[in-house]
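Down below are the structures I want you to see.
In what comes next, chain A is part of two complexes: it sits with chain B in the first one and with chain C in the second one.
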Partner chain A sequence: MRCRIGVYVCMCGSNISDYVDVEKVREIAAENPCVVLAKTTMFACSDSTQKEIIEDIKVNELNAIVIASCSPKLHLFTFRNVAERAGLNPYNYVQVNIREQCSWAHSDNPKFATLKAIQLVKAGIDKAKNSVSLEPIMIKAEHSALVIGAGITGMKAALALANTGTKVTLIEKEHYVGGRIAQWNRLFPHNDPAEKLVKTLYEEIIINDNIYLYTGAELISKSGSVGNFIVKIKIKPRYFKSGYLIEQCIEKAIESCPVEFDDPFNYGLTKIKAIQQNHIGQFPYYPVIDMSKCTKCGICTDICADIDLEQKEEELELNIGAILIATGAESYQPPSGEFGYGVIPGVITLQMFRRLIDLNGEKLIYNHKQIKRIAYIYCVGSRQYDGENQYCSRYCCTAAVHTSLIVKEKFPEIVNIHLTRGVRTYGKQEILYNKSNLQKDIYLQFDDTPPEISEENGMINIKVVDILTVKKTIELDIDLVVLVTSMVPRKNKELENILKLPIGRDKFYNEVHPKLKPVETMIDGVFIGGNCQAPMNISESVKSSLSAVSKMNALIGKGEIQLEPSLATIDKSICVWCDECTKICPSDAIIKTEYNGKPVAEINEANCKGCGMCLPVCPTNAIQLIGYSDVEIESMIDALASYSPEFTI
Partner chain B sequence: MGENQKIPKILVFSTEKISDPAIDLAGLLKKHYPPTVYVVNVPCSSSVKPKWILHAFKKGFDGVFIAADGSDCQYSETCTFNTGEIVRKTHDLMKKKGIEPSRLKMAAICSVCSDPFVKQMKSFIEALI
Partner chain C sequence: MAKVNPDFSVELKKFGGFDLNACYNCGNCTAVCSLSTEENSIPRKMVRYSVLGLEDELKVSIDPWLCYYCGECSETCPQDANPGELMMSLRRYLTSKYDWTGFSGLLYRNMSAYVISFLLIIIGIAGLSISNVFSQEEWLHYGHYLEMLAIAIVFAFILLPNIIRMWILMVWNKEKKFSIRKHFLSLDVLFIHMFTQKRSLSCKDDRDNKVWWFEHFILVLSYLLLLFTTVFLNWFNTENMGIIVLGYIFSGIIFVVTIDFILRRIKKKKEKSTFSHPSDWFFVIWLMLMGFSAFIVRMLIDFSVLEKYFWVYLFHITVLIQWAIIIVPFGKWTHFLYRPFAIYFNNIVQDTKK
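Now for the complex of A and B:
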């Protein structure tokens, strides 16, 4: 037990001392036989007081300190640091919250606030008496990272990690890197071609010695924990042997392939063969055979000696320090009939429309008809009144406005009519909205009454209640309806099961805290970036991926990881191995072992999160949580329960 | 209420990441609640041992309140159920000891739930008087 304790009662300017008689609190604290010195202070967090505390600890040989001040959320680490600088173990420091939970909460009743502060400080002193010196747990960390998904988020993250000296394995499920941006072709705000962006990143990646890029690759298992995950990766073959001789025969081989189907890259606007070459903006520049469609007829093997239809999948096992999920999102697929989608031929999604613009030359033709008047319906699959997607997808307003500029530039006779629910082209993107107004685009706004779409003689009719013109119903004749569809979470059950990824209310992957831990997940060592977390535009995705990189580098860059020592401990002599703790543990941190010839439970320290869920279920009370042991909690209860005769009405 | 009547004392088990911020927020916004409410923090509401609760009653607390993490728990989706089980088990133990089960309460307090916290404290104190 610690019996050389220093107590500091902070006035916090006057935030505390206006309502709490700090001198009275100090006096009573000083009466405790284990308290060597007790002081009041104007600002405990100020530099001068910090120095004074350090001096006091050294001169008086204090073995614990209690600071009664603000919430530990603000200054726990400040004062742990003070203790450490004075040569005291930081876990022998106790912070007592007499501001948020006392002086402010009871500013209506200073007498009672003082009485409460006295008891809170008493409990703090008792906690300090029973506090144990602890060392943070250090575990070895592999200086290597796995980045899942080679879209813009994953590629940028891989490069940034590699430049910090981390060995990076970048895996992409598809056979080409670049994710979805190749489909958008020109990117806002500056109309850069996606091809240029992806090519720059791809070329930097392949010459970087720290990055191993695998396409056609998926994570199939994960074990271990932060600092040392053991991951298995499955790599699909491309069904080409060397690649050097392909150029002479590939065109002919593709031509001769009898298997033809709708090209998903162009949303069925064009066809593709089972032997495929990359689209513009996709890399590497190297063909692949889609084995889910190939019939193995063998025609291509006669043309190209390099083709080997019998290539097998490969598996790879790696030791990884940290993992970044950058798997991106999908576009909302409207159900048949939503705004006429799938029923009326002239209703398409924004994503398909972008492909249509790229694939058309002088005139904009869809379904054998020249398009002149386009209506964009906003918030399809976003901000739903009835559906599951209540969130705003953030990027779509700007994407639609940008598209209206691109289409008008390429086909000047086009008339763009936007049916919005309020335009959210936030920040600099507002400039695009202004441009769209200047090119005389028409903006109407609906609220909870969605526009009605019907078709007659090949012409689409839209009825919309426009709230900007006193809720007047406006009728429009339109050639093409573009549904500005939202971003939705990618369906990736296998990955979610392997990594036990936490999923938020919107079904995207969830961070620990939106402000304090915005790229960390509940699984230590697993980070999220880009659209797998929430809808973001490219610039925002890259920012989130780079913030994940800095957190990953801080975690594994030193080669070892420091963990908070508040872990569960098991008294093996009284454990009866009933299995209750293993059943309730959410972190897979309890393992079966032997002690004196009997089976008992043991804590896997690298996995234990210190949540304490195992504590109440143990029938023999064999489990204690460091920092929250029975003696610590019960001594605090004793101090708080001691009856003050003044507590009367 | 007569003169010199003792005000009931409540012990709150609150969690560092979820309900503590709400209780701090109540203070910050000067939303007052009875000063006989004392908070002890734990990592998760599913970590409260029944023996701690019984200890609090034995030492003179009139009520114990568990500020549950509920669906916001960062450790496990089963937290609400687990905390509920602790309350159920403790209620049984309290009955055996002749302590009125209504003196142990739980309710989910999210990280910004300062109003619900203040309301819960006021009504709990009222019920205990």
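Now for the complex of A and C:
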């Protein structure tokens, strides 16, 4: 019990004192026998008042202080710091909010605003009496990070982390790094070749001693908590003994392979064998065998001695301080019939169209037909009126406009017609839109009436209500329809289950707060960057991954992590292990252990957020929240319910 | 159904100096245009029809004829797409579409065609003059009849059929149940707009527009009255002092006003005179030359020195013939007829719809 308490009632300029009678509040606070000193102050947070409080604590040997001022969201840490500087434990400081909760909320009734402030201060004093000195919890943190996904986001993050001195394990599910970038070949806004971009990053990664890159690798389990995760990684073999040598025999081996199927890299425009060499822009430059397709016929092993079809998967266990998810996104696959997709042969997605441009030489041929007029339909799978994808995918307008420039440059006779829902080539990307206008591209705009697409004599006919042309129904004869498809979350159930990743309404991974914690997840130590979080273009993805890197470095860079001591604590002698608390805990912070031979629950301090969810479900009242113990809360309730002579005013 | 024709913008470009590709559909032009209403967005609708190449829609459009080129849309355009000049170009385009001979289109798209046809007339007159086929009296005599004949032929075989073609596009194609009565009842609209251009006054409420309107108004009147004076009152061959003075006044006014209009086009201070198509120059310069040469010829007659300076008369007759058989039927002169007729036809269709 603390009985040398100082109380400060702040006026906040006039924010509080205009409605709350601060002198009255001070007078009544001073009546409490444990209150040694009670003052009013113009600005409690000002430098001079802070110094005054420190002086008061030292001179009067105060063992707790109460400051009635604004919300603790604003100044809790300011005043905790004041207490600490005066040699008082910061947890013996109690903040009472009489600004937001009294003067602002009850500006229409100053009398009751004052009364409410009096009662709240009384409760604050009683909480201070029962407050306990606490020390922040320090846990050891591994100075190492796991980056999942070696697209541009993951690669840039790995390099940045490595440069801060963090040991980075970069894993990629595919056998090649670079994600989807290679498929685009040339990147907006400056037409950078994708190959060069990926190659630069890949080469930097390879020579960086702090980065361990595993391709064909997947996370299969995670345990532990922030600072001390234990992760298991499964690594698929490439089925080449030496692994790194490209021998003369590879070409022959690929030729001889009898298994041929549609190449997903080119969206089925070309075929690929079970033994594959990487495409341009993919690294490392090593062959691989796709075991999901390989029949193990053995023909290739006769040609190439280096091939070993019996190679096994490997597993790796690592201690990791923090994890970055950079798994990227997928492009929307329109259902059969949406804008004629899958039904009319001349309807393809933008992603496939980009491959088509690259694969064609002098003339643009698709489906044995020379393409002269192209219609781009925007917002396919984005901003849906009826569907689930209500978000804008951000990159697609610019990608489509950029594509129209590329196709016109390569095939000048092409006519581009854009059917948009408003062109969102924001920022500097607007320049591309201007260029596309200048090359005589035609823009139409539709809203909730989607364009109708039909086919007649090999020509595709589009009917669209153009809101730019007095909502007239306009008809177009088109050779090729390009659906500008959106970005959708990658289907990655396993990873989501292993990491318990929070998923937003749009099915992308969710940050804690879009402005204040934009790259953090609800799971401490797990960060998100790039397209797994939301649709972004490349530079935005890189920016988000780099901000995640700075947060990760701040977290694990010091070797230890400081946690708030206001956590749940379990009295093991009372606990009967009913399992109710583990079910309700949102942070996976309760573990099963043994005490005197009986199973009991225990708090994993690294995971506990002190939310208090477990308290009300405990049937034996074995759980207490430090800093909000029953004694403290009950004393506050008593104070709030106590009689005040002012009630009769 | 309206079919997109991406090649059309290239074709239309030949009719004027606007930049369709610069337009990003902000709609500022339409917001600022005093003609634009909730039902009809001017000039945006025309801009879009032109971008998409909807020729069928353009051919029957009234909007270009409602516009008097105040130029506010072009001043406001953030992309310098020059929508005001687009409307002007559409008037040239429509003129070429009404014209059954196809000669309008050829002249508008091709400055060399203008020059060649003008040169042919000069060569013809020069040839006749050198070969002494006509005496000076005969020149004056036939010149007068030639003027009357040219007017009659141009009206009967070119302008009248073109007006009928215009009527088919703007009335017949739109409203099959038109009434003959409405055609008579709306005649006042036709004549008011033909002689006053009063709609242009409501386009822009500033002093400059009023000055322009007044100049244009007296120019039209003087032109028509000079035509009447020379053709029907035989100005060059009359002794009536009143007619002689009137002729001087009308030709003088034409000369002064056209000089001012030419200066406007040279100074380019106002949006409407910033861009000048060859047809604009030919129109205003030839009108000026006509007024000027007529004035001088009559003066030479009055001082009895025409015989000495007969080349002046030959110059005048050359200008006159160029004007009468090139500019009047195929050039900018036609806006004198097409604009009021467009308003008149539109009035008939609107009334019938009501």
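Here is the rule we use: the second predicted complex is superposed on the first by the 622 of 649 C-alpha atoms of A that agree within 3 Å, B and C clash if a C-alpha of one lies under 4 Å from a C-alpha of the other, contacts with A are read in each partner's own complex, and residues count from 1 in each chain.
Throughout what follows, a residue touches a chain if its C-beta (ideal position, glycine included) is under 8 Å from a C-beta of that chain, and two chains touch if they have at least 3 such contacts.
Only a predicted model underlies this, so the values are computations on that prediction, with no experimental measurement involved.
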First, second, both or neither for A:463, with chain B first and chain C second: second
First, second, both or neither for A:559, with chain B first and chain C second: neither
Touching partner for A:619 - first (chain B), second (chain C), both, neither: neither
Comparing the two partners chain B and chain C, which touches a greater set of residues in chain A: B
Touched partner set for A:415, first chain B, second chain C, both or neither: second
Touching residues on chain B, where the partner in the complex is chain A: 1, 3-7, 9, 11, 16-17, 20-21, 23-28, 30-33, 35-36, 38-40, 42-44, 46-52, 55-56, 59-61, 74-76, 78-79, 82, 85-86, 89
Residue numbers on chain A that touch chain C, as the complex places them: 373, 415, 417, 423, 433-434, 437-440, 442-445, 463, 466, 468-470, 472-477
Interface residues, chain A side, partner chain B - complex: 71-73, 97, 99-109, 112-113, 115-116, 119-120, 123, 512-513, 522, 566, 584, 586-587, 609-613, 615-616, 621, 625, 628, 630, 633-634, 636-638, 640-643, 647-649
Chain A contact footprint on chain C (complex, rising order): 1-4, 6, 9-10, 21-25, 41, 44-45, 48-49, 51-52, 54, 57
